[in-house]
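So that you can tell them apart, the chains are marked A, B and C in the order they are listed, and the count of residues begins at 1 in each.
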Amino acid sequence: MALLYPIPFERSGYIYYETVGFLVLLNAMLGIGWNIIGGWAGQFDFGPSIFFAIGAYTAALLSIHLGWNAWLGLLGAVAVSVVICAALTYPVTRLRGHYFAIATVAMWMIAQPIGATWPFINGSQGLFIPVAPGGSFAHGLLTMEFPGRGKGLGFYYLALLLFVLTLVGARAVERSKWGFYFRAVRDDQDGAEGIGIDSRLYKVIARCLMAAVFAAGGTLYGFWALAVFPDQVLEVNWNILPMMAAVVGGLGRLWGPVLGAVILIPISQLMTATLGAGPLAGRGIDLIIYGAVIMLIAGGRPNGLLSLPWARWAARVLGRAPARPQQG
Amino acid sequence: MTLLLQAVADGLQMGLLYALVAVGLTIIWGLMEMINFAHGEFMMLGMFGAWGLSVAMGWDPLVSMVPLAVVMYGAGVLVYRLLMRRVQRGEVFTQIFATVGLFFFLQNGVVALFTSDYRFVNKSLLTGLSGVNIALGGVRVGVPLLVGGLIALALFLILYLLIDRTDFGLALQATAEDRDAAMLVGIRPQRMYAVAWGLGTALVAVAGVILANFFAVYPQAGLSFTVLAYAIVALGGFGSILGTLLAALLVGVVQSVTAAYLPPAFKDAFVFASYILIGLFRPQGLFGRF
Amino acid sequence: MAPLLQVESCTKRFGGLVANRDVSLAIEPREIVGLIGPNGAGKTTLFNCITGALHPDEGRIVLNGTEISRARPERVCRLGIARTWQVVRSFGRMTVLENVICGALRRTSRVGPARARALELLAFTGLAGKEDVEAASLTLADKKRLEITRALATGPSLLLLDEAMSGLTPLETAAAVELVRRIHGELGLAICVVEHVMEVVMPLSHRVVVLDHGEKLTEGPPADVSRDERVITAYLGERYRGRA
């Protein structure tokens, strides 16, 4: 399988593009994570941002109260997120399809007042992550702290690293027993149980994998923003962008979310930059377009969200093996 | 104790309005087993409609309720014909997805047109009555909310009679039971589905119109109502209209009592948690048929 | 020899309908048991109770000494029962090979060995050469073959076939019967077959159990059962009684 190495932008001074790249990579990574539960396991999760938030908060708290290094914080964030996900998800695995989706939304909505009022995490006043002044670029890579000009570039590479790790991890999962079992549960849950697959267990595993990815992403984001606010990390964008990236790029395909993120984020940024009709209106319009795109895709291929033709075409162009051949 | 009673009274009144919000979902679900993420958005559109007409034409929401209901009925039918009909035969995932798209489209369309600022209906019959209370043994029942609740109840009952007592309602039920059999006796399922969507949308929009008298009008108002409506329908049993009413009243009370004793941000949390609990322990709801 | 599967007084109700009433049967290892009866007799319900898709309201089901009356389907499979369904099921979006690998993963955790086993089984059941075909695009006969292969991959000691021959042409049916014989002969499984086609079930089975209206009517060697008056009446009605 041909791995394309993205060419990093060495544009010092054009920090904006580096930030865009950062966002693309972050969302691509989150998209891959969402794909595990949404594309492979076929369960629609509309509230993954709670794990993004848990990740951001855990890492921030570990840094503030215990002085933990960011990478250790990331590990801690992932651990906490997975444990909470398992606890929350196991009970709702009995729900299918629509019901499960609503349950995930309900969880997200419960998380919002908790985030806004819980004193332990400073409620809606947020947490601020302290940054030690000075420090070289290399030091920054080790601690996710870049005071000064290296920030854009530094975070771009950090995001690239996490993205690659996620991609590699996802690929390993895809080819493993878990990957097979997830897809079995998606295609025919009863049939899967009939051949010995514990559907509830695997739904939990899939969601926990997603939670891990989102927690890592949240950690990265937290250190980038240097502050964690509940309405920022629980924002609806973190719910839909990864999902949209996965769908637009080809649900169920490993590289799908990458393609999707590459398409969607620049569009969003472009609109924010050019429309200039006020930040709120600009933001809204890209979501309007997303909404319209979703409806068109859904209406156009009610049975085929998993095999959008251009995803196959793009995969072939990028040098990957094409999708399985169909025979009569 | 009076605090509790007051909360219960307030909750019952809100419950009536919630019933109106949720009943459309129950009809659509009972008929087609489809879920609409954008349900609350139509309510929000009703709110904006009421506000807009109030500001632009000076119409009282109780008056604009009628034309808005008609328009929203048409909107519901349109959504069915253009979108939902196509995804109905597809996989569940795509169905959810389609309504999510609708959700983003509608909510942000309104944001783009009106921004996210809060708007208020200032001059109407019901807002004029605000502050007027009926005292019932130590409990104050606000007249405006009471009137709103009674209107909702009236509409709810009209709907119930429509479904239960008329030929049309019978046709609707028949299609829900067995689509193919219904076709054999000359009922056109597509038409039933379109009407169901129209009715559901119209009802929730009317609920929005009434609510606009009491609540701020802003684009994001919809989602929490959508989830609330689902909790209600799940609680009362998918497909059961009376179940929806009872569940809505219960939810209204739970919410109100929660708000009385806990920080206001949590008032919905219990309701959502109960949705999850119901899903676990009694998936067919309290009165459900499935 | 202790029976492999023991169903004791299984009763299952759906509201007012008693789908299975006090049904008892035993299946010995390496036995082929035919389960017949008119439509609505409760055969598929019994299968569902055995495999855990449903749970009996009364009675017990014991597999190899382990009670499975309330077990969930995946546990029942792990304990050694595999089934096919009345309406054929497959993982439509996966290839034939991937489908069988899913089954094989029951016995081994690593994809490599699972793949090898899957390929072996596909050759055994006659689907060699179609490994990369998307399951949803197979013909009905091949889908049934796939379903059986997948079930075999889980390494069962008892295979339940629910109307595996329905919808097949005579030629396909003969091939399917041949497959069942080979499965029994070379893999040594116990097999329970629900079937409507008498010409298939009678020659294939060692023993036949007859259900009617949820109750067990009789059981015994095929020759005896086919001559039993009650069975004939159940299938053909009162008018044919006495015309053996």
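Keep in mind that, in the parts below, a residue touches a chain if its C-beta (ideal position, glycine included) is under 8 Å from a C-beta of that chain, and two chains touch if they have at least 3 such contacts.
From a predicted model like this one, the values you see are computed outputs, not experimental measurements.
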- Most centrally placed chain - per-chain CA mean versus overall CA mean: A
- Item | Of all other chains, the one whose Cα centre sits farthest from chain C | B
- Query: If you average the CA atoms of chain A and of chain C, how far apart do the two points sit, in angstrom?
  - Reply: 44
- Note on the structure: When centres are defined as mean Cα positions, the distance from chain B to chain C in whole Å is 48
- Interchain centroid distance [CA atoms averaged], chain A/chain B, Å: 32
- Enumerate the residues of chain A that touch no fewer than two other chains. none
- Query: So which stretches of chain C touch two or more other chains?
  - Reply: none
- Query: Of all residues in chain B, which are in touch with two or more distinct other chains?
  - Reply: none
- Task: Would you mind writing out the residues of chain B in touch with chain A in their complex?
- Result: 34-35, 37, 82-83, 86-98, 100-109, 111-112, 115-116, 223-224, 226-227, 230-231, 234, 263, 265-266, 268-269, 272-273, 275-276, 279-280, 283
- Using the touch rule from the top, collect the residues of chain A that touch chain B in their complex. 38, 42, 44, 46, 91-92, 94-99, 101-103, 105-107, 109-110, 112-114, 116-117, 240, 247, 278, 280-281, 283-285, 287-288, 290-303, 305
- Item | chain A partner contacts - residues on chain C that touch it in the complex | 51, 53, 72-74, 77-78, 82-83, 85, 89-95, 98, 101-103, 105-106, 109-111, 114, 130, 132-134, 137, 150-151, 153-154
- Item | List of chain A residues in touch with chain C within their complex | 175-177, 180-181, 183-184, 186-188, 190-199, 252, 306-307, 324-328
